[in-house]
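Shown next, in structure tokens, is the structure this report addresses.
As written, the chains take the letters A, B, C, D and E, and residue 1 is the first residue of each chain.
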Amino acid sequence: MRAPARRPARWRPAGYLFLLPALSVLVLFFLAAMAVLLSFSFERFVGGRFLPGTTTGNFTTFLGGHYYWNVIATTVKLGAVTTLLCALIGYPTAYALNAIRRPLVRNLCYFALFAPLLTSVIVRSYGWSLLLGDHGFINQVLLSLHTVRTPVPMLYEFSGVVIALVHILLPFMVFPVVSVLGQLDPVLELASADLGASRLQTFLRVTLPLTVQGLVVGCELVFALSISAFATPSLLGGGRVQVLPALIYNEVGGLNWPLAAVESYALLVLALAVIGIFTLLLRGPVARSRGAT
Amino acid sequence: MTSSGHRVLGLVLGAVAVFMLAPIAIVVVNSFNSVPYGAWPPPGYSLRWYVNLSQQTDFADAAVRSLVVGAVATALALVAGTLASLALIRFRFPGKAAINGLLLAPMIVPRVAIGMAAFTLFVRVHVYGTLWTLMIAHTALILPFAVTIISGALLRVRPELEQAAQDLGASPARAFLTVALPQLRRALVAAAVLSFVVSFDEVDASIFMVSQADPTLPVAMYNYMQKYQDPTLAALSTILVAATLLLAVLLLRSFGVSGFAEMVERPRGQPVIPGEADV
Amino acid sequence: GGTGASRTVSSSSGGKLPKGPVTVTMFVFLGGDLGKMPKAFAQDYMSRHPNVKIEIYEDSNTVGYPKMLAAKQTTPNQPLVNFGFFNAQTTAQGILDGMWNRLDYNAMPNVKDVLPIFRRDDRYGIGIGSDQLGLVYNTRLISPAPTSWTDLWDPKYRGKVTFFDYYWYPVYIAAKMNGGGLQNMQPGWDFWKAHAKQIRTIVTSNPQYLDVLSNGTAPLTSYFNGTALQWKGGGAPLEYVPPREGAISVPVYLQSVQGNTSDQNEVVTDIINQMLSPKWNQQWAVTSVEVPANQKVQLPDTMRSLPAFQRSTVEKLQTVDWTVVARNNADWRQKWDQDIKANI
Amino acid sequence: MASDVVERREAAEAAAAPDAELVGVTKVYDDGTLAVDDVTLRVARGEFFAILGPSGCGKSTTLRMIAGLERPTRGEIYIRGEPMNRRPAHRRPTNMVFQQLALFPHLDVAQNIAYGLRLKRLPGHEVRRRVDEALDLVQLTGLGTRRIHQLSGGQQQRVAIARALVVEPAVLLLDEPLGSLDLKLRLQLQEALGAIQRRTSTTFVYVTHDQGEALRMSDRIAIMNRGRVVQVGRPAELYEAPRTRFAATFLGDTNLFDGRVVAQGMFESEGLRLRVPPGSGVAVSVRPEQVRIVDGDGLPNTFGGHVDEVVYLGSHTRYVVALDAGRKVTTLEPNGRPSRHLAKGDRVTVGWEIDAQVLLQE
Amino acid sequence: MASDVVERREAAEAAAAPDAELVGVTKVYDDGTLAVDDVTLRVARGEFFAILGPSGCGKSTTLRMIAGLERPTRGEIYIRGEPMNRRPAHRRPTNMVFQQLALFPHLDVAQNIAYGLRLKRLPGHEVRRRVDEALDLVQLTGLGTRRIHQLSGGQQQRVAIARALVVEPAVLLLDEPLGSLDLKLRLQLQEALGAIQRRTSTTFVYVTHDQGEALRMSDRIAIMNRGRVVQVGRPAELYEAPRTRFAATFLGDTNLFDGRVVAQGMFESEGLRLRVPPGSGVAVSVRPEQVRIVDGDGLPNTFGGHVDEVVYLGSHTRYVVALDAGRKVTTLEPNGRPSRHLAKGDRVTVGWEIDAQVLLQE
């Protein structure tokens, strides 16, 4: 499905050559690290100390405890909700960014999207706590307007985590979509309009199908990042939102590296599985959107 | 688009901008807080945290270090990522799916775990604490962003233009560089920007990989936060944000039209649906 | 270069030190002003011993110790640090991991002035001071001041309490009050599971902790005297009270790390000894707001007037067996996640 | 065909409101290019109206403005009497066959053609029926499931035609719709389009660069140049009575004699004296097919010369004759007639009738 | 012009190795479409070789294979005697004018044209000179700094031509290069191309759907149908002596009489008896311009009938005459001659010479 139409097949073997730089970096660092992690996963950590010999106990502990399955559920749920919201907000944003022509406005928008990425997660969350907190800005407004009697708990809840994640991951949705929107030939939108399609119809029937690739990329990025996010859930989840990465973080601190390793691999498998399914589902549309080639 | 049409787009952008900037605004306001703890509204205002920041000399070094690491890693990731994308999109070869997954992995495995393992690794091969290891590490960590974004855009590049270039005598490589890359302009910028900030913001793994003696900016901030709990970091963040805004404005000036946006905008004057006037 | 590591530092008396150049790395707490005294000391010591170079490794125990352990597992003879400050729990953990050298108290003249509770029968390190852990509350939002551990689960503070992420102390207290103890924490876990709703939020970073307490999200917690005072000093409306049942004493130890060369051990022993001298011990006590180990130390009145330093408080201090804590830490961590956090 | 051309024309002129009307329409592009310059046109309902003009003269721009894909800088556009300037493209009763086709790459051939119909919420079977009809019409039967990039240039163009046709709009705008088709297919599709147009009495505004096509198919033709309309009229009118040099030379090949009327019915040009019809003018135009190679001089205008160039054109041969007076004259001789086969250099006499000539005003 | 067509042809035939040669070349696309079917062609050096054929018959595919943009499924391609199959596009001495233009949207007009030259490492001023020349040649002087999407269809096409021309390759492949240009400009560019071809003696392989163009410009023409080459020959040859029904009907308009030879020089078709030249065949073809409307019957083949359709074609009028015998015959009458203006229904007699007829073999 991926080799574009009308491309001489003869350079195919070169594929590996092109992968060389990327793979060497990964092997040099990432795979090596993952190997170490794997070796950890078989070590015996009992009563707060490492014992000689190896075990598969860490795996059984993890897969056995239904607590872990709850955590996995929360993790996936968090990832799914965040990704969905990012897509819903991010695509229109990208579309608008692509449509406006006044450079100043566009630059300011890019800046707005970009700025949060420059503030460390600690500082950001601290901004959120002042916004969403029980005594935060929003609640104070609500109270002063007598719309509510007691503060609405937004912070230290699932909702708070989602808001913060969407906030910081939105650029990872917008930028890929914008980049693909830029490759769309505007005359197609004109043709659609000419054939009687309203803006919305044109969007749904031409623009979206032809830029679905950007959306897919955005979703992959956002999902991967949101299910592996540690700081935001633990800072804004107030302990109520227990996700795998936070668990892993604690295990590392608590010296229980074997379990941390197992959990890391679990998360990796989980994410790859979800993304795999996701791309499988979208194979059709994406392939079609490539008729362009 | 009808005027109502772009009123809607305007609203979307406005809303998003507010949403994105609100917490930042709070942070900025809070950096002028007179008390060390965050409270809304701040009990009083002062510059003490900026003063304090100016005394934290090590932040400057850390910032430079982060910039260097970020720049190098981004450059490496872009090159390696573009080549990898080419392989994934343009060639058919066994094991592609696996490699695809492998290229995504560093983005998924929690950084803490990677960092922990990496530390062990580095110590074992006696390279712990060197800057280049950090660069390679960051390259690996941001590679997924480059690959995903670039290959996504590469899917939509029209090969007939490259064929035309080759017909005119350009080698496939040359044709790609001179004809395909320009079509990938936006994607490359997007990849670069996102990769860089990810590297520039990376703390979970770096904290294990850098020697405490010469930390990167995020690690330095993490350390500071361990020591003192006050809005000095808010002040630092404010300065960072202000700096980028300044940069954006400068680009706006020097590029005449629209700095960053220019790089990612559709070719100027390209037809858009009539009525799609400026927002 | 020396010949490997010896389990016990040579008993050859204090005076003579290696003449050749020696470099030692000192682990220093990352937090508040805890770095001041060690750094000052290092400067002074190096000026007096030109052949000795003291490098500072400043980190939190939570990140630093794992690194040390990883280093030990891969390169046993090149420890990440050679000696330094470690809290009681890390000390105990280190004993499990065979991280420390036994100290030769006899080779350390100042030890004779050290209060007995700061010495260790197993001679794995020696205490330099002790922080304590009680109740911290927001003076604007809570009055009268809390007085007892039981206030943590008093219905009138329901949804007003906060804890740091993974914090076993209140569980231990609850266990003790419900017929359990350090060896048998189950009653504590059950109790807190039932009272989880007391907790408004769990915090994972100190700044967040400070905010949550100060801006009224959760005005009551249990934490260290030292940190509380630092925050108060910064202008936060917070106060520390030792519970009437007695605060928990949390000593800080100086440790010498396995894998040092003998030269390094000589120097380390000498340094530790000198840090215990009244002069330096006093500095430590003041900057960390802790009870000093050396009984010759004279505390300033400002400190002596603090509730934490009242004779009554000091007498009621509870001590815990940190080895038990270290042993069960991993399990407790999971229970904390699964029984408490899952129910707030 | 000619006969019902007449009928249609009359119908058209009878029609109260013109179907499409441009009043002083001007288009200046962002970069300052003046593409269309104060164009005023009235196209009657059911009329087949062709726009002819050199490349870059503003034909496509005009169509795009009628379709609402480009905004006039000045001027008003009316369709069925209603002003269109504020009306977005998708609410105009027009459809366009784009010069650059603009087919949807993510849809297959059938889906492309069905696009407009689906928007009209037609029942599935109805859509399918019409799409199949359209496919047959443009002779792409069976290619419905092909992807666009799997089609040849001409096939793509035919899909574009079908896509616009099926929607059956009030006004159909065709921008060189048959540009890349071979003569045979082009003739067949011309027939088909003509038939459709007569049946549905749709108004066609038809841009083409093929004069034969324009002459053959259209009720009226507008000749554009440099963004302006030079002359509007019926095919024969334009061909036989061009008003300007441009019109005369652009539409068909011609022999131009610049000069002036020296006496009643006498025109002088580069040393040649032509007997012309009464009237004034700055130039005289004689079509090559009007110029004959004669033996004696039985014609009012005859000149001696020798064959300078011979071009074989299948049904005809084109001779360029260099007159003794110096300038060259082109003549078109049918091959059918028992015509002596002339070669370069042969001496000949050429001549033409008085009223074979047209006096041009500018 | 005709004369040096001859010269060139002889030169071409003299040339030892053919410049471009296809031997049993076949192309089957991934989806199984058989686009080119066992094609064998030899194009001589410096020859102007046209490929003519209905839409979708495989013309572009053939060019793309010569250029190396498509790999033949079977067969070999040689240029100047060297086998090309293993040679990537960029190392072949060919350049192509793409039917879909494929201009570089991110470059302006001048940069597009300069692209090939820069690759040749030519000095800047040299590049500029050649680009300006090219711009003048295609009459786009002054538009060098325009972006591609700011050009009209025809202007874009001219940029595509210029881009390929400036590189001055050994073999120039043109895929309907003048497709969307008006007659006048087309003629001028035909002239220009012809001139260049003569000057540089480049080999042109020229795909067009304009028969006049093919007849006028080329030394030889190959007629393709359904992926196969039907007939190759000189223009006059093909027009006057087509071998098959397809060739006869595709190239120019004609009257076909299916039937059989009943006696020496006697052909019978649908109740008509035609006096034909000796020989065999399954059909007879008579070009409309060979059919004359006569008064008496001084011709070997004359038939009565009445005018059924009148189409005005500017220089000519096309009459369709329904013979009494039933079938229809088309005739092309020049308008210049003092010809009585016939109307639909008028009774007439048509006739033609014996050797106006061609016997077709299949």
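As a convention for this text, a residue touches a chain if its C-beta (ideal position, glycine included) is under 8 Å from a C-beta of that chain, and two chains touch if they have at least 3 such contacts.
Since the structure is predicted, the reported quantities are computational estimates derived from the model, not experimental observations.
Q: Quick one: how many steps at least from chain B to chain E, stepping chain to touching chain?
A: 1
Q: Any chance you could name the chains that touch chain A and chain E both?
A: Common contact partners of chain A and chain E, which must touch each of the two, are B, D.
Q: Farthest chain from chain E, comparing Cα centres?
A: Chain C.
Q: How many angstrom lie between the centres of chain A and chain B, each centre taken as the mean Cα position?
A: 15
Q: Taking each chain's centre as the mean position of its Cα atoms, how many Å separate chain C from chain E?
A: Their C-alpha centroids are separated by 94 Å.
Q: With centres defined as the mean C-alpha position, give me the chain C-chain D separation in Å.
A: 94
Q: As a quick test, compute the distance in whole Å between the mean CA positions of chain A and chain C.
A: 38
Q: Quick check: what residues of chain A touch more than one other chain, meaning two or more?
A: 5-6, 122, 126, 129-130, 133, 135, 187, 190, 193, 199, 210, 252, 257, 289-290, 292-293
Q: Could you check chain C for residues that touch two or more other chains and list them?
A: Residue numbers touching two or more other chains: 63, 66, 73, 205, 207, 211, 215.
Q: Which residues belonging to chain E are in contact with no fewer than two other chains?
A: Expected reply: 69, 88-89, 100, 150.
Q: Considering the complex alone, what residue numbers of chain D touch chain A?
A: Going by the criterion above, the answer is residues 67-69, 88-91, 94-96, 98, 100, 102-107, 115-116, 119-120, 147-150, 163-164, 167.
Q: List the residues on chain E that touch chain D in their complex, please.
A: So the residues of chain E touching chain D come out as 1-3, 29, 31, 33, 52-56, 59-61, 99-100, 146, 150-155, 158, 175-176, 179-186, 209-212, 215-216, 235-236, 239, 249-253, 287-292, 309-316, 332, 334-338, 344, 352-353, 356.
Q: Flag every residue of chain C that touches chain B in the complex, lowest number first.
A: 30-32, 35, 55, 57-60, 63, 66-67, 70-71, 73-75, 78, 80, 205-207, 209-211, 213-215, 231, 234-236
Q: Taking the complex as given, what residues does chain A use to touch chain D?
A: 5-6, 185, 187-188, 190-199, 201-202, 205-206, 209-210, 288-293
Q: Which residues of chain B touch chain E once you look at their complex with the stated criterion?
A: Of all residues in chain B, those touching chain E are 160-161, 163-172, 174-175, 178-179, 182-183, 185, 267-271.
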